[in-house]
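Listed below are the structures to be examined.
Paired with chain B in one complex and with chain C in the other, chain A is shared by the two complexes that follow.
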Partner chain A sequence: MTASIDGPDLEFSGVTKIFSGRAVVRRVSLTVQPGEFIAVLGPSGSGKSTLLKIAAGFEFPDEGCILLRGKDVTTEPPYRRNVNTVFQSYALFPHMSVADNVAYGLRRKKVPQTEIAHKVKEALALVGLHRFWDNSPTTLSGGEQQRVALARALVNRPAVLLLDEPLSALDLKIRRRMQIELKRIHQEVGTTFLFVTHDQEEALVMADRIVVMREGALEQVGTAREIYDAPVTPFVADFVGELNWLDANASSGAAILSDGAQIKLPEASQHRRGPVRIGFRPEKMRLAPIDAVIGPQDNGVRATITSVTFQGPITTVDLRLTDGMIVRCQSSATDTIELPEKGGTVLCLWQIGSTLVFDASPTEQT
Partner chain B sequence: MNATSASLSRNAVGAFGLFAVAVYFFLYAPVVTMVILSFNDSIGIGLPWGGFTTRWYRESFANTLAIGAFFNSVRLAVVVSIVSTTLGLGVALASRRIFKGKALVLNALILPLLIPGIVLAVGQITLFNVMGFLPGLWGATLLGHLVYTVPFAFLNIFPRVHRFDPNIEAAAADLGATPWVVFRTILLPQIMPGLIASLLFCFTLSFDEFTRTLFLIGSENTLPVYFWSIILTDPSPAASAIATLSVLFSLSVIGGGLLLLNLRRRKGDSDATPVGAH
Partner chain C sequence: MQVGPAVALFLVFLAAPLTVTIGMSLFRTTIFGVDWTLTLANYAKFFSEWLYTDLLLKSLRMAATITVVVILISFPVAFWLAKIVRPGWKITLLLLIFAPYWVSYVIRTYAWMPLLGRTGVVNYVLMSLGIIDAPLDVLLFNEFSVQLVMVYIFLPFGMVPLYLSMDRIDDNLLRAAADLGSTPASIFRHIVLPLSAPGLAGGTITVFVLAIGSYVTPRLVGGPSGIMFGNLIADQFGASFNWSWGATLSIFLVTATLAIVALISSRVSLNRIFLQP
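Up next is the complex of A and B:
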């Protein structure tokens, strides 16, 4: 490859795709750096697959362009792009052996026979399938087929590996194992991964950066921590992890609930006035006796326990605030051991810094 | 399941068995009779048995009219099977795309199967007449056979093409295969059984075709037409010999085809030698 070593591997620039009058991908701009593991996260129908197909060349954008290692490939067909795809359905060639499947891309590039044999062996070893060399892919389990698909794509050393929900057809246990496996492989080969998933946990666990999509547009791009701790919209906050929502009215650095209780706002939201939505994560909340002192760094509201569910490592407590709003607290079992029973009143505490503040505009409801 | 219903089903099995034996008898007895009579040393077809002879075979092999009719049939059947399989494949591939009036096009292709051959033949000869198109082997008869066999070709190929996952072709394109290479290395090997079945099917349909051919062929001959003419004019055991040879030929074509199908079952990427052993 003659492309620049230090430029991005893949760039979407203002990409829009319209299907029957509806923009399925809207003005998406995204830069993917070499070696990154990016997860494209979004609910079903948000345009993730379409975005990937545009990168692979199976769909062509109505607006915008795609750069692959600095080269404009917007109108290039799939077979002239240095990207490879791992399909959700694996899409292995059923009439070829595992080795012939993996060798397919190298053969198209007229790589010498001895080199093919060597590279195929290496790729199958990478995914732990060297024993299955001569097998027909139809005799393999879902997880094994997934590995063959991975080896078949990676053996070509693509500039970017595109993965469209590659694990969603596997059962939970194998999926967990493949997540770890996929991360290991990513680190070992150093290829850039663009990974589509609708599973927020999978995205958090695997990706260097997460791209949250909603109705075809990028809602937020950031590290797992940024997305989780500082979601820029209620949609992101809700989609990634669970969230407690409170409706309040902001004035001079605090938000007032309808019963008069005060929520102190973090530095960046001090300027807000008028109706707001306050969010905080159930696992960032602690419960304390009703007469406990609220620290200067904390927010605290009174609530009545409506249910306590012991779940092993954590306990989930559902509570009702005095103005009727429902919140949930999740904490490790030892923290909650001295709680009053159902019906008792406690103080819900969380840090001011982990309080999320959003506009109360009704269009942002999810 | 209780004893009564078990014994009932045993009776049913017995009845079906008997029925099957009867079917096989009526299927094969005429053929066996014909083969036996082709060795009969007598002047007419049928009994009495006049002793064993191979004379009728020697005579058939020396009969230039019969040989000519046979080669006409073979050549016509080869052309018909190749052309109709190609057309059938084309329509099957087109049917994967969504286009307006697709259902109509496909149904219109299948419909002639329901029209009696003789009706179509009369219609065709009338139409050809109007168009000034003379009866003959390579014009009228070829067309008549194609109208007859293309639906069968399509029906053999369509299911294979239809159930083929387009993602698999996308994967091949993704790995660097141009559309033609995708067709050659991915689609073709997997629909090959359907293509071979179609070739065999259309070959035998054309090779055996009589009704339409009789109307469309004019003064030329195919084997069935020739056979019919000698049965009418000179029914000797030579007719049985010709029929036996024709059946043998058909069987060997089908046998060869089935062998071919079995052979390619264990083959991988048709494009290259397999990746060397490890």
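Up next is the complex of A and C:
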């Protein structure tokens, strides 16, 4: 059902938006391919909603342009753009039935009545709400309202569907279910999705590609795996998932901690010299007996266990390194060693390949 | 008892005066005082001469005109205040618009006389600009001036309910409508108008009821041709001292007013007017 034409569905090209002297979106360039599910991820206030509003036509950029299926729509009003939005607050029309809400866009386009009835039925079936045809949207639960909003947008077959934190008003359980549901609907209709969220887990679970935003600018664009395993800045590394940080001094392929312990650097970071920040994920870490041998592919540091928290599927162990720095280990493998008591000393191991190295410049500290 | 206070209010402010009024209308006042025999003579008198029905119809027409003009002015201004003005500016603008209304109703009516009179500001400006040669008499002491001044005086009663019901329309509803292909005109027709219907009905009823019962403004700026039904009633309780006739006229006015209110509220339920969802 995607466009028969070639080329991207949506393109931001050098888009900047200024509110009262402050650039809220800065020189954003992004190309969205037909059928892609893209998550725009960033902390609150990073400009995600503004970027989406610019695509929808609710705001106009101060610089740059927006192309929709190759056509420049930068100055077009919303009603002349082939995109539709799903709002966080649902924004269903309270004075209309569910069916009239869904039919709204088709009626504005003067689609024949019989065709409207057919399409509305189809759209409501897609989101599993055909029984609620005549209901007032105000009588529906949050999850149901969000489905109506989705049907109301998708029934128009937009080139791109824009979703602004559509699930964040729902409670956790329903949110999980809607994430799966939304993914299914995306696959079923094949429409391009541009999905804004501040929830990194949601972005990782749902998107083909993730766009990380920070203070209005794109920090990194990539697949979930790229963003998670190879973050290009400490900000991305910290925002997506948890990270252990160690301050060290790099020289000839290794970084030295203040107590003299050595961290071997991965191939790409061998050239580094001077102060660096070393990062590694808690779940990539294993604990081993203090006298274990550190393999040639591994990094290892000694640490004292400060607490052990059993959380069902995983166990979280907090440790203190001999130079005082704190690290955390999250593991399902409780059988690697018999965990010593709190206060015991162990060896923390992780692969050299999963060691992240960043500049220690103070501005990048988070 | 939840309904206790409401019942008390109803008895004191509505049922009691209405009963007294109906009671009074059933006697006749003569030059010797009240004749205490029950009679429908007052009602017969009302229909015996066209004068009274004519004045009632004319007053209904004037009140309707005033209401329509107030609503036509209020709609765009209320929309502008509720949806276009930046939130930080709203209070300032509301205060600026309503500041004149802190001054007494009577003073605000008098203020129009130096504006509209033969030697008033409007005539002066028109003559200095050479648009007219002689001062216009049509500006004051007629139906026009009564309606003009009452539109001005009752404007807030139309504007406030409209502003309140527009202010509670979620901005995202307007965005959603535009997003789904609505032009500004279509957004107005399909979203703004239906969602502000409670405020529209509330404002319409309030302005109409206030206008139809007015007698101070017609007295001050109406002249002989601008007189309204309220003046006729007021005269019976004043100069003519014919309370039973005044009571009868009041009942006709109340009946006509209630009929109009019932007509409006049959279109928009009273629930939605007073308990906006």
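Assume the second predicted complex is superposed on the first by the 358 of 366 C-alpha atoms of A that agree within 3 Å, B and C clash if a C-alpha of one lies under 4 Å from a C-alpha of the other, contacts with A are read in each partner's own complex, and residues count from 1 in each chain.
To be clear about the criterion, a contact is a pair of C-beta atoms (placed from the backbone, for glycine too) under 8 Å apart; a residue touches a chain by one contact, two chains touch by 3 or more.
Please read these numbers as outputs of a predicted model, since none were measured by experiment.
S.K.: Quick one: chain B and chain C on chain A, clash or fit?
M.R.: clash
S.K.: With both complexes overlaid on chain A, does A:N84 touch chain B (first), chain C (second), both or neither?
M.R.: both
S.K.: If we overlay the two complexes on their shared chain A, which of chain B and chain C does A:A56 touch? Say first, second, both or neither.
M.R.: The answer is both, since A:A56 touches chain B and chain C.
S.K.: Check the residue A:I116 against both partner chains and state whether it touches chain B (first), chain C (second), both, or neither.
M.R.: first
S.K.: May I ask you to decide whether A:L349 touches chain B, chain C, both, or neither, giving the answer as first, second, both or neither?
M.R.: Neither chain B nor chain C is touched by A:L349.
S.K.: Looking at chain A, does chain B or chain C touch a larger number of its residues?
M.R.: Between chain B and chain C, the winner on chain A residue contacts is B.
S.K.: So in the superposed three-chain picture, is A:W133 touching just chain B, just chain C, both, or none of them (first/second/both/neither)?
M.R.: In the superposition, A:W133 contacts chain B only.
S.K.: By the touch definition at the top of the document, which applies to A:A99: first (chain B), second (chain C), both, or neither?
M.R.: A:A99 sits against chain B, while chain C stays out of touch.
S.K.: Could you say whether A:R152 touches chain B, chain C, both of them, or neither, answering first, second, both or neither?
M.R.: Touch status of A:R152: both partners.
S.K.: With both complexes superposed on chain A, which partner does A:R108 reach: first (chain B), second (chain C), both or neither?
M.R.: So A:R108 meets both chain B and chain C here.
S.K.: Give me the intersection of chain A's contacts with chain B and its contacts with chain C, in residue numbers.
M.R.: 56, 58, 77-79, 83-85, 87, 89, 91-95, 104-105, 108-109, 152-153, 156
S.K.: Applying the document's contact rule, which stretches of chain A touch chain B when the two form their complex?
M.R.: Answer in residue numbers: 56, 58, 77-79, 83-85, 87, 89, 91-97, 99-100, 103-105, 107-109, 113-114, 116-117, 120-121, 130, 133, 152-153, 156.
S.K.: Which of the residues in chain A end up touching chain C in this complex?
M.R.: Going through chain A, the ones touching chain C are 56-58, 77-79, 83-85, 87, 89, 91-95, 104-105, 108-109, 138, 152-153, 156.
S.K.: What residues of chain B sit close enough to touch chain A in their complex?
M.R.: Chain B residues touching chain A: 165, 167-168, 170-178, 181, 185-186, 189-190, 267-269, 271-276, 278.
S.K.: If we count contacts the way the header does, which residues on chain C are in touch with chain A in the complex?
M.R.: Checking each residue of chain C against chain A gives 170, 172-173, 175-183, 186, 190-191, 194-195, 277.
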